[in-house]
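Presented sequentially are two complexes of chain A, the first with chain B as partner and the second with chain C.
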Partner chain A sequence: MNKERRIRVLVAKPGLDGHDRGARIIARAYRDAGFEVVYSGLHQTPEEVVQAAIQEDVDMIGLSSLAGAHMYLFPRVVELLKEKNADDILVCGGGIFPEEDIPKLKNAGIKEVFTPGTPLTEIVNWVKENVKPRGL
Partner chain B sequence: MEIVQKIKTGDIRAVARLIRDIDDNIPEAREVLKELYSATGNAYVIGVTGAPGVGKSTLVDQMVTHLRKSGKTVGVLAVDPTSPFSGGAILGDRVRMQRHSMDEGVFIRSMATRGAFGGLTQSTRSAIDVLDAMGKDYVIVETVGVGQDEVDIVRSSDTTLIVLVPGMGDDVQALKAGILEVGDIFVINKSDREGVDKTVGDIRLMIEMDEKRYKDGWKPPILTTQAAFDKGIRELLDEIEKHHLYLSSNKTMLSKLRYEKAKSDLSEMIKDRIAKEIFIDITSSGEFEEAIKSIVDKQIDPYTACDTIVSAKLKSNIR
Partner chain C sequence: MFNKKSLEDIANEEKKWQKLFNEYTLKAPERLKRFSTVSDRPIKNIYTPLDIEDLDYPKEIAFPGIYPFTRGVQPTMYRGRLWTMRMFAGLGSAKDTNERFHLLVNEGQTGLSTAFDMPTLMGYDTDSPRSRGECGKCGVAIDSLKDMEILFDGLPIDKITTSMTINPPASILWAMYIAMAENRGIDRRIIGGTIQNDMLKEFIAQKTFMCPPKPSMRLITDTVEFGTKEVPRWNTISISGYHIREAGSTAVQELAFTLADGIAYVEAALERGLDIDAFAPRLSFFFNSHLDFFEEIAKFRAARRMWSRIMKERFKAKDERSLWLRFHTQTAGCSLTAQQPYNNVIRTSLEALAAVLGGTQSLHTNSLDEVLAIPTEEAATIALRTQQIIAEESGVANTIDPLGGSFFVERLTRDMEEEAFEYIKKIDDMGGMVAAIERNYPQMEIADAAYKYQLQVDSQEKTVVGVNKYVSEEEIPIEILQIDEELEEKQIKWLNEVKENRDNTKVKEVLEKLGEACEGNSNLMPVIIEAVKAYATEQEITDVFRDVFGVYRDPGVY
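Up next is the complex of A and B:
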């Protein structure tokens, strides 16, 4: 009876990395795909990211990092989500990562990692396929 | 209901989920709202409206800081437009307020307008009730523009701020329609910019010329601020407090306001519910598409099509 729920995504830039062009481009692609995108802005701590994700009741957090701090920041977000009983929120990452870090990130709970050159449509489709609508 | 208890005790997850469910028209959410209603009516609601780029989010951010210093708790609803093409939205107001995200006394929620039926009006009204029931002392609702929907939102605020920037010139004239009926306080932000005196003058003229239309008999003050530099915020909150006192100054005023709010709430809800029910019905049955095609093929005019649909639906039971 009801129209489909809209997918809500938090696009966040944790850490000191100030390059947000990629994050903005993804945010626009998500909007064009019909998602509601909350953009957190720069220099977020993992705590701030998780708090925003919970208040905004998002389905997924997209973390953007190009400055190399991903091995601390990304797993920390996953950890905090667990602590707050919010680990049904998916976490994925985008940016520049050394090849060998990608499996480690996935082991730490990052569902998928997107590197430069990944077509936007691929990312959007992945989100549509992997985000499950939630109940009360 | 367990969720009702959770919300009354300020459980962030429960509140966030409920607002989402309200937005997505989940029937169970409506039941929760029914139970929560008796816990509403305590929060003071401030509406902040104005064109994009005038600094509303920055202003709200500073207001939150000051309110928190006075020990008050705040809920913020930041509303941004849904793209009419994709149905998606970028909700970027939070960026300006993120420094409050770790403060347990502040709850910030971004909402998209979702167009006519998701409704800036209905979902946001309900979200205000939820933040109210959650126990927040203040609820600040930030919306864009002064179109009809925003005027409705403003009707559910206790104090409405109209935010402008200097140099709007002819735009002030364009804003005229309905603005006096909507604005309780005029705020000229970015007052370090050129043209501030003229803008103040233009608004003052507009206010002086139209005494009879003062909303609730309150003459709107004009304030200048520089939100980015934390200037004028204390004075703004003082004016809001003055307005609050004015509104609660006598029983006649209070009962008039309660009447108006209940009337406005109920009217909007009825309109919203009827429209939703009819649309869900005619889109799923294909009737809507058929009617559109008939209009395009000039077999029928839209007025007749509309009347046919509506009288048929109103006769049958609405779920």
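Up next is the complex of A and C:
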């Protein structure tokens, strides 16, 4: 019988972007919502993000970007997950994105993109509805 | 300031008025359960002379240019000269940014301010694997002196001052600026400007990291010492609260942590053996101007009074200029919204007005599209016009410190000073700011304040127009600036050309010399200048720093 497993999330800051106010707030909100949270800290390469995600056996990676390098970094994470046969880990993103980049990110495998002003409850509920603990 | 009899009369009148107020609110309650600032400071329904009954005008407020400088650091303030209109700008290549600089100067800005891209800020060249996808995206890409030369081409740097927002590699970018000036025949004793160069607030808030706190302090002290002796018109540190506030702190935390950082820098310079009056006049500050109008004005006034008291009483500075808190202000980026972006023009206007009423020396106003991208020319021009209209049309600069004497503002100024000093004492008891940072104290205070504020917005306790109130059914997208995707490749090509055309033997030699100097304790600025003049790249130099001083990694606390 499978016991109730909590959703495990990696909140990650890929690239050189140091804006971490939102990522740290999201991490707390996830924690308060009962998820198991791993926060990567700043300045992670896409390789480091994927390695952490696999090592920590997470169900979802939340990528944060506010410095404009998302079009390289986010698809690269998805690509690396595929290479490592870990593409059942869901990837979503949050931060600052020009409108026209959002469909491109989704096409590249980013499940959902959260933009400024999104209430925390909306994000938490989205995760609850869309992320299933892996291997269940 | 008020005589005893008047105060008694006022107290009686106030009692009657509060009774009347309560009668009214029984019939129709106040429109909010709680009235508070954006920092969540509760605000009363009225302020009277009773709130400042023991105010000693000469001692506590005084006149502009007179200790403790509550009303302004110079006697003439804006009657003599308006604040410097200094618009933060940087995008793409050095040439792209040079064009933006020229535009802003032509439109009337009176000081230059440089925004660098993430690789430059973090000490990586454009061809580093870590820089992939980041070139020119949030500021200008500078890899070597060659880029610096292009960046300031055609600009009168002997007449206009330049600010550079740069932290771990500040010594290097400053060296490039000095080298660029000298190559143009402009003496280092003439050039004026500022390097942000404030690592303590990086560990606390902005998070552009490179080396650990202790060697970072050494590098900063080297620049202060060098500036004091060789580049006298340069502000070698811009002790910053802006980023602390952007990370989510309250106004009092912004005030307290900034001044506590200042105290740490003063102590480091004194430990180096510098004379306080030799370097203190060139310490400068940088504050946020956020949404709550009066809280910000009070904060700026409290900052001036606090710093002059710290410098006089704690550090025994003798020169008047050592007591001056001179500051640049930027309107709050974090207060702007992606929704209904034109609303941001109004937000920026109010914040700019607060900064002016607070007596700022220099001001950057955010553009309406700043939440979404680097500003377009049109948006940046409107932001500049905001300052010009305040200066020329509103009348607020006709008299100095117009809000001085307001019962509300003087009370707020005092309260914020008192609370900020409490924080400073706490930090002193921990052993100073470096120790406090190592314990994650300011970082966690900020994280707590940021989370609290977010919950208040989500519960609609705090309103954000266009986001949780007066929301548009449909957002009309505005045109935003795009950075050329081909730039990264071009920049790498130009970087390789620089490496091919320079004397690589000389570069190798000077980098070795730098490594030895880092191991020792000589001032690093002369050898850094030598290195940049030989066209060593930024990362070639930072790699030496990382090698000798170590690398700081984010502890990742939340």
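In this text, the second predicted complex is superposed on the first by the 132 of 136 C-alpha atoms of A that agree within 3 Å, B and C clash if a C-alpha of one lies under 4 Å from a C-alpha of the other, contacts with A are read in each partner's own complex, and residues count from 1 in each chain.
The rule we apply is simple: a contact is a pair of C-beta atoms (placed from the backbone, for glycine too) under 8 Å apart; a residue touches a chain by one contact, two chains touch by 3 or more.
None of the values given here were measured: they were computed from a predicted structure.
In the superposed model, A:M71 lies in contact with chain C only, and not with chain B. By the touch criterion defined above, A:L120 lies against chain C but remains apart from chain B after alignment on the C-alpha atoms of chain A. Of the two partner chains, chain B is the only one touched by A:N85; chain C is not. In the superposed pair of complexes, A:S40 makes contact with chain B and with chain C alike.
By the touch criterion defined above, A:D17 lies against chain C but remains apart from chain B after alignment on the C-alpha atoms of chain A.
By the touch criterion defined above, A:I25 reaches chain C but does not reach chain B.
Of the two partner chains placed by superposition, only chain C is touched by A:E99; chain B is not. According to the touch criterion, the shared surface of chain A, contacted by chain B in one complex and chain C in the other, consists of residues 27-28, 39-41. Within the complex, the chain C residues that touch chain A are 118-119, 121-122, 124, 129-134, 137-138, 206-209, 246-248, 334, 337-339, 371-373, 447, 450-451, 454-455, 457-458, 464, 467-468, 477, 480, 482-483, 553-556, 558. Interface residues of chain A, counted against chain C in their complex, comprise 15-21, 23-25, 27-28, 39-43, 45, 67-73, 96, 98-99, 115-117, 119-121.
Residues 1-3, 5-6, 8, 27-28, 30-41, 44, 47-48, 51-52, 54-57, 84-86, 134, 136 of chain A are the ones that touch chain B when the two sit in their complex.
By the touch criterion given at the top, residues 3, 12-13, 16-17, 19-21, 23-29, 82-83, 85-92, 94-96, 98, 101-102, 107-110, 112, 114, 280, 284 of chain B touch chain A in their complex.
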